[in-house]
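In this document, chain identifiers A, B, C, D, E and F correspond to the written order of the chains, with residue numbering beginning at 1 in each.
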Amino acid sequence: MKAYFGRRYMLSASHRLHADRFTPEQNRQAYGKCNNPHGHGHNYVVEVLVSGPVDPEKGMVIDLADLDGIFAAQVMERFDHRSLNLDPAFAGQVPTTENLCQVVFGLLEDCLPAGRLESVRIEETENNFFESYRQ
Amino acid sequence: MKAYFGRRYMLSASHRLHADRFTPEQNRQAYGKCNNPHGHGHNYVVEVLVSGPVDPEKGMVIDLADLDGIFAAQVMERFDHRSLNLDPAFAGQVPTTENLCQVVFGLLEDCLPAGRLESVRIEETENNFFESYRQ
Amino acid sequence: MKAYFGRRYMLSASHRLHADRFTPEQNRQAYGKCNNPHGHGHNYVVEVLVSGPVDPEKGMVIDLADLDGIFAAQVMERFDHRSLNLDPAFAGQVPTTENLCQVVFGLLEDCLPAGRLESVRIEETENNFFESYRQ
Amino acid sequence: MKAYFGRRYMLSASHRLHADRFTPEQNRQAYGKCNNPHGHGHNYVVEVLVSGPVDPEKGMVIDLADLDGIFAAQVMERFDHRSLNLDPAFAGQVPTTENLCQVVFGLLEDCLPAGRLESVRIEETENNFFESYRQ
Amino acid sequence: MKAYFGRRYMLSASHRLHADRFTPEQNRQAYGKCNNPHGHGHNYVVEVLVSGPVDPEKGMVIDLADLDGIFAAQVMERFDHRSLNLDPAFAGQVPTTENLCQVVFGLLEDCLPAGRLESVRIEETENNFFESYRQ
Amino acid sequence: MKAYFGRRYMLSASHRLHADRFTPEQNRQAYGKCNNPHGHGHNYVVEVLVSGPVDPEKGMVIDLADLDGIFAAQVMERFDHRSLNLDPAFAGQVPTTENLCQVVFGLLEDCLPAGRLESVRIEETENNFFESYRQ
């Protein structure tokens, strides 16, 4: 058997989908109302999936408090109750939830033991979500 | 028996909690991270409750398509994928969800037959919500 | 303090919204795609709310097993995995969820001690619901 | 309009339904498998509803941080990750969720301004819940 | 990293599980109350999962409006508020949700770029679901 | 296409995280408040995923009634409304949800045709879950 531990977090942020290299018409076509000026926002539900052996002594895949600490320091501090467009991670790319998902994956992977982070899944609304999986 | 019909809508918007008459220190104390500059956002879940007799011919409290039309014109068009702070309704008051709830109640009440709108309930996140009830 | 006990059940049934006294055009206008021939269906989530004093010996508003028994006999047996249109309760009225709600309220009220049934709430989909309250 | 603010908390605890004055047979009949020795447990979802005018300056019914502080001190500290049966509040009564609901209502009411606490609602499982309302 | 986009839709339909080649006794044994004459119905929640590289310019796995258009034309138009048993896709097979899932997978795969559709998942009720994965 | 059937069950149990070989200090550090004496409890949501070909006659991956019977006999009877710590499966290991997940996987795998059980997923709370996958 292979074992996984999943943890669910929530953060609220605003974003505006807009590519500087696109014309206003192209932006409107690519992003629709998500291109409205001044932005809008979401409650992003972030699900982090970690794999690994179950420690035979502790009976755990990962220490929950450790993971919570990493997530708070790397993700919550940085993005919760913020405008994503102003974060350096989105200086050169549009803050779509696909891109946010990849950024969060990278931030967590750097702080977890190698090969343990399996995926990051972000629900933007209850009707759509994005996932980044380790290959 | 008294009969009710409830309908659930969702809209995404951004807001920043900030009162012009407060000092920066007072704003921070009143609103915490909701006072962060540049704002943040939510998926607001809006539940509209309408009461009334069940029409004996149609078997309905209210025509669903009519209510959807009113909500789209009065609320979705105006607030979905927008910044609440820039709406005239919040020119003189902070765009807390309490105030948004009262604004939405007023907009719908003006378009529905008198005495039919019972309440508007808005979930700001899955862990808090606000309700305005007709007295 | 006033005490309530709420219980949630689920049943699956089909219905077609169609009034015999209406013309095809009137039916289509009143019910839209819910008037499609051959019907469609829902998972109806039924929430039953019972009030009353908390029994000081047992610490309960109502015996859960009793309520489950009444609901199974009166509602599940009769409507679950059935076509609502063929039930005698809908011989003279359209099987809208408003009407289903009132029928279920009546069936339960007859089997519970007087004044205990507060309301029946039925979710037709995750985006709309109906409630019948005792006045 | 009347305004409400609702807040949702979660705590995990164990309980065993057992009345000392009942015979084993009576306990089994009253509580079924909830009477199993050694107890079982739940994730209790507690929803607190507060009413009041919307403060015209702050735009809020109640300060969220204040309510969270009261709830943490009065309820979480005392019941989360505990056995309800060992709490003094249940020395003379069975720790049913009806009784827990009334205990929590009393603890919060003592710490909130008079007349502001409207109700406490506790979901024991996703299929049943209990409410205590101020009369 | 591998990237996915998931989208959730809902449709309401009726079905009756009944195999022509089975005897009434065999049908009752295979399908239980799902074999009741006249059918019953569900709110089917359909989750579509699409994979692919994140477009570096747009920051998206797939254009959401395109996917919504395909789903509306291929699936909603055909099955929403209908009886599944009367659809040609179920002329030769029982309209179980397993089979519906495979039919929907096939319809979407034909309209999406090759290799992009990863899976279709259909919840029949909140307690059971079916998935078809590309191999 | 590869086909899956998923089924969701719920059970309530209590547990205390405590390793006999650890000192009190080590237990507190490893498990935090989950190490509180007398235990606490959860509503465990168990999702069972079964794979296999869709039977061309019945249109099903697995007979739902069969799976329900196996789950009731192997899992519900044994763990629902019990204290996990007293079960023989946890005589030599801590009853973390990781370990419970592996125990449930083993019990079900022994009763299902070889190679059909894909995974068992247990939600301990709405914010964390564990999965055991067949390799």
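By our rule, a residue touches a chain if its C-beta (ideal position, glycine included) is under 8 Å from a C-beta of that chain, and two chains touch if they have at least 3 such contacts.
Given the structure is predicted, the values throughout are model-derived calculations rather than measurements.
With steps allowed only between chains in touch, the distance from subunit C over to subunit F comes to 2.
Common neighbours of subunit A and subunit E, by the contact definition above: F. With respect to subunit D, maximal separation of chain centres occurs for E (centres as means of Cα atoms). Seen from the C-alpha centroid of subunit C, the farthest chain centroid is that of A.
For this pair, subunit D with subunit F, the centres built from the Cα atoms lie 28 Å apart. As a whole-number value, the distance joining the C-alpha centres of subunit A and subunit C reads 41 Å. Residues of subunit A in contact with two or more other chains: 126.
By the definition of touch given earlier, these chain pairs are in contact: A-B, A-E, A-F, B-C, B-D, C-D, C-E, D-F, E-F. Of all the residues in subunit D, the ones that touch subunit B in their complex are 1-9, 54, 56-61, 63-65.
On the side of subunit F, the complex with subunit D involves touching residues 10, 12-15, 33-34, 36, 38-43, 80-83, 86, 125-126. Taken in their complex, subunit B has these residues touching subunit D: 17, 19, 21-22, 30, 32, 93-96, 98-99, 101-102, 105, 126-135.
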